[in-house]
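Two complexes follow with chain A in common, the first pairing it with chain B and the second with chain C.
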Partner chain A sequence: MRGRPNFFASYEAEQGLLPTTTKKIFAVLVLIAAISIPFEVFPILDKFAEPAWLVLFNRSLIFLIAALGLNILTGLAGQVSLGHAFFMGLGAYTAVVLGGSAEGLWGLGLPIWIWLPMAGVVPALVGILVAPTAVRVRGLYLAIVTLGLVFIGEHIFRNANSIAGAPEVGREWPRLTFRIWKEENPLIDFSRDGQWFGVSLSGEAKTFFFLLVVALVFVVLAKNLSRTRIGRAFAAIRDRDVAAEVMGVGEFRAKTQAFAISSFYAGISGALFGVVVGRLIPETWNLFLSVQFVAIVLIGGAGTVAGSVMGSFFVVMMPRMVENVTRFLSEQAVGDGPVSAIADVVISVNGDFGIVSLEAQGPGLSIFQLNQVIYGLLIAVFLISEPLGLFGVWIRIRNYWKSWPFTY
Partner chain B sequence: MVVVSEPLLEFEEVSLSFKGVKALSGVSFDVREGELFAIIGPNGAGKTSAFNCMNGVYKPQEGDIRWKGESILGRRPDRIAELGIARTFQNIELFAHMTVLQNLLLGRHIRTDVGWFSGSFWTKKARQEEMDNRDKVEDIIDLLEIESWRQYPVALLPYGIQKRVELGRALAMEPELLLLDEPVAGMNLEETEDMARFVLDIREELGIAIILVEHDMGLVMDIADRILVLDFGTPIAIGVPADVQRDPEVIKAYLGEDVDA
Partner chain C sequence: MLSVPLIAQVGGTSLETFITKTIDGLALGAIYALLALGFVIIFKATQVLTFAHGAVSAMGAYLVSYFAVTLNVPGRWMGDLPVTLQFALSAVLAVLLAAAIGMAIERVFIRPMIGEPLFSIVMITIGLDIVIRTIVGDYIGQGNTVSTGAPWGFLSQWRIGGVIIQHAQVATIIVAVITVAVLMWFFKTRIGIAMRATAFDQEAAMAQGISAGKIFALAWGIGAALAVIGGIFAAVPPRALGVSAGTAFFALRAFPAIVIGGLDSIKGAVVGGFIVGMAEVMAGHYLSSVTALGIGFNTVVPYLVMMAVLLVRPHGLYGTVEIRRV
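So, the complex of A and B:
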């Protein structure tokens, strides 16, 4: 082993999940770093232990699950879908009907081990129902068909008041707890501050651990799928559908499977989104949410699991980064600082010229609008210059150092 | 009683037309086990159309196509592939974003049955099948001498190697009949000889019947058992190379009419 890290003595070793020692070490380090965050073990990562940051991490992990689903459909099987938000909503409302309980709304109050799997199964079944329509069209036309799903979904969710609650009001999801059945005190409560094995943890930290485990499971499942028979069939349909059919891959079947699997992931993610946020309005499951997932797939790297991970953290964390930078610049613009001259041009203070404004009505873009612009720009830039997204950037960096000091 | 070996594939009076254009009219032939059958003809003679009919990509309007005595007319391409008919394409149709290995493994699709569930959970069955597949694919890599290209994405490979990988992908299906659509098109002499050697190896070592569509007359005359000549979709001759070569109709189709005659 030593000296020849890429020497494989068996096919199994070569086709493993983490084939090289470097990858194994890297994966373990990332996992240790992730687990250590709420415990504030490493000084550098301390800042992230604040609930405000943990909330963002939690959202990243939830988005990661849905992103893995869309990456299977879009990145692996090549079917561009804008309907992901619809399937997420479907999962969320399956969860709330099965697990929720509220006066005047549907809710059976069942435990998590029922509502979480069902939140995946129901969207998957709907995905199979929708697939025959979607399989007939490809490319841009498919995007439009799935776009229709989002609008139909929004309409249904807004009008099904006994399921989704009133428009603009929404309803509450069950809290993230583990119960055997409907007993009063849950076995494990992930949503409240409390002690675990003598260590006091915030509710956000507990949720973080729960989501970390779930996301990890889905990462491994997606990775396994993509390296076995069905994953290759999806990729074949994506690259050349006629050749794939001649090789014995049923196009209809493969596309239907891809739709079902991706909807399953979306449903689980949607349910967890509802549960972790606590209260959502029916308008949550709109086109913008779908576009966010397309952004994650494209920015992260289409067809790669690592890309989904990078993409979802990037897209969820980016607005916060932009906000922090904008706030920093606005302080500089008002006061005196090393970059105050640049900041004065960029930030509009009290109505003077500037590209970004902190006031909602001020001249220039709001932070929300700025984020939208950056999304769009990033998607365009990645599509044109790095189709493999952040994953591709990572590969370039890796290869540079692998062959250093030679250029190739 | 004499047992006559059943033909593997039969074309009976097959006609295919696109609107007004007759691509094939009344084409009949059969291919027997282990036979190397060639289809030749000038450009636009309907050779590739005949392949597309066998594959189920096109559905002929008239006639019948039988596989081991059973009609396969109107079946979907993936169903026909499952019967054991593999093919390569004139313009390479490899899965460009996949590596050589993945392309070949994809060829194993019909010979394996791990589904999304066992695949996702990497069950013992899935693991076993992946390793068996790899074993089989490595044999093909060995046969076609593409060991050094194994992990390359196919888009990066030179043309001759891509042709070879495509042949390998078809072989990975463990077919009983292999359709080769211009396997040596655009190749130099050396590459052509290599490819001819592989085709003969496949036939002799693996016992697979082959239908060959090719413009390289030297190659066809050297290796084919029987030849069908098409001209504007009409069969004009069928027989062993020596007879076909002397057939006046064939000479006319290729060289044109004698001015003095």
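So, the complex of A and C:
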């Protein structure tokens, strides 16, 4: 079959998880690169082994799980939801009530193998409860209904003080450990530095491995879903709901399933977010968080699992990249360097002209504000130049090299 | 979420309280109606739901404060004019500038996206919202409030028996009525008819020689202008002490208004706005003693009303029912 990568002898072969050799090689390479990062094996990748980067990787993996859920709902089933943060919050608080320590609030102190699955199941059930309202409306109406869900959820979280802690104060999540039952010393502690098989690893690295495994499971599940009867029903609803119904796909049933599955993903992601970050305030689960997931799905490329992976890393890493650029520029503006002249114009030092100032107050944007502005602009400019997202960029690169050296 | 500081003390009989609250509700509803009208006009013309509306309204309110209080433009050259008129001129200046910015946004960011997936465009407006909100927030300053200057007086009020009528509420309602009247007149002019024609059938309108692009820009301009007028009144007492970072979030509560009324209905936006405003004020007063509902329950009442309406009418009260054919 070599040399004819697009030739498939059977439907099963074409519908495989990784249908072509290139994809197989690519997936293995990405996996090897990911696993190698905390061990500092490869020269460029070992930079990311420091905790500050691993924290970002961990967050990307957590966001990836939620993004996969939204991608199933939005990309596969065509239902745009701004309510993802609400379901994440539900999952997070299910986890903290089941797994958290009491400290004056509700907390049962149960082990991870109970609270992690339940953190998915409870939001899924709530998703099924909400679905009858959501199924009746479509398009932008649905977006606004789910937006309402976020605000109602935020109100509930702010007022459920025995679950979520006081407003603006929040509460502690349990640490990421594996216990059989409520014993004192956990079987595996993912959150502390220590040794695994004779290699000393930081707590962040251990968390990274745990999240990598969980994220991988959910990636495979998401990928698999699109190949099943349910996944095809979702796609049919997305493409033309009336035609789908004529063919015997129940619209209500499919949409409810899509909501339940996406809420399950969101809940797991929310629980892990709480556990990994440690302490969260009830206001965390707001519209801005939801918007980030819509951004991930759209920037990555709606309907594709690979897009969700690229999108979540892009959206989580981007503020850090922007920060690095501004820090570099401000160093250049203060000292002498190759781009000092440009940096001097952009950055104001000691009150001279500049768009960005290093002081938090006063005229000129602070660095945090500049990050925000660039973040917003990047979303806008990126989608204008490539409405199909990162996946569209990838398709274009691939098509170019497919016919290389002939342009078409 | 910003809470609504209701400073007016309520005395008198329950009927008088009810009348006072009704006026408050009408005023709040008028603001929501203005913001919702902006949403609907943009939506009807371009099929885009803008999420940058709140940021634009905060920007406009800040511009009003800058023109009227900081610079006193154009009042400084017209000292003999009454204060109210000076303020009105500053406000008009800010509204015009905001309309120009709205048109620029449409031209630069929205026009290239015609024909692209709807939610990519929505996402772009979210990106713009972040950008504008951050820049305006920087000008306002962290945790600051800047006063827009209110010529009707801060917290001044009439008392008729136990009924309290705040001047600000009356000003809000009057301006909203004038704005809606002007808008209704505008829709009957030549350009207004062109706009309605484009909203009705874009291709047919273009065949008649109407430039759809210009109509899009105009819609964004009008939308931004309405957002600013709403923003000014959202940022004065008794609703807020001035323009702050929270002003941008006011428009988010106009979303229920447009959904209740129907996304593509001008009439629906106005009706929805008043329903939402009334529900919020009434819940804030009559349900505030029910502690089980939690603090700030009135701010989520609009969303609850919205869900209830959608359960009965999935396209809002006046929205066009989508015809589904195989």
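List of remarks:
Heads up, the rule we're going with is that the second predicted complex is superposed on the first by the 371 of 408 C-alpha atoms of A that agree within 3 Å, B and C clash if a C-alpha of one lies under 4 Å from a C-alpha of the other, contacts with A are read in each partner's own complex, and residues count from 1 in each chain.
Following the convention adopted for this analysis, contacts are C-beta pairs under 8 Å (C-beta built on N, C-alpha and C of every residue); 3 or more make two chains touch, one makes a residue touch a chain.
Everything numeric in this text was worked out from a predicted model, so none of it was measured.
Residue contacts after overlaying the shared chain place A:376 against chain C, while chain B stays out of touching range.
Residue contacts after overlaying the shared chain place A:243 against chain B and chain C alike. When both complexes are overlaid on chain A, the residue A:278 reaches neither chain B nor chain C. Between chain B and chain C, C touches the greater number of residues of chain A.
Look at A:139: by the touch rule set out above, it reaches chain C but stays clear of chain B.
In the superposition on chain A, contact is made by A:366 with chain C only, not with chain B.
Residues 242-243, 246 of chain A contact both chain B in one complex and chain C in the other. If you check the complex, the residues on chain A that touch chain C are 74, 80, 133, 136-141, 143-145, 147-149, 151-152, 154-156, 158-159, 241-243, 246, 287, 291, 294-295, 298, 302, 360-361, 364-366, 369, 372-373, 375-380, 383-384, 387.
Looking at the complex, you find that chain C touches chain A at residues 1, 43, 49, 109, 112-113, 116-124, 126-131, 134-135, 137-138, 141-142, 252, 255-256, 258-259, 263, 294-297, 299-300, 303-304, 306-307, 310-311, 314-316, 322, 324-326. In the complex of the two chains, the chain A residues touching chain B come out as 11-12, 15, 221-222, 224-225, 228-233, 235-236, 238-240, 242-251, 257, 261, 303. The touching residues of chain B, counted against chain A in their complex, run 55, 57, 76-78, 81-82, 86-87, 89, 93-98, 102, 105-110, 112-116, 119-122, 126-127, 129-131, 134-135, 169, 173.
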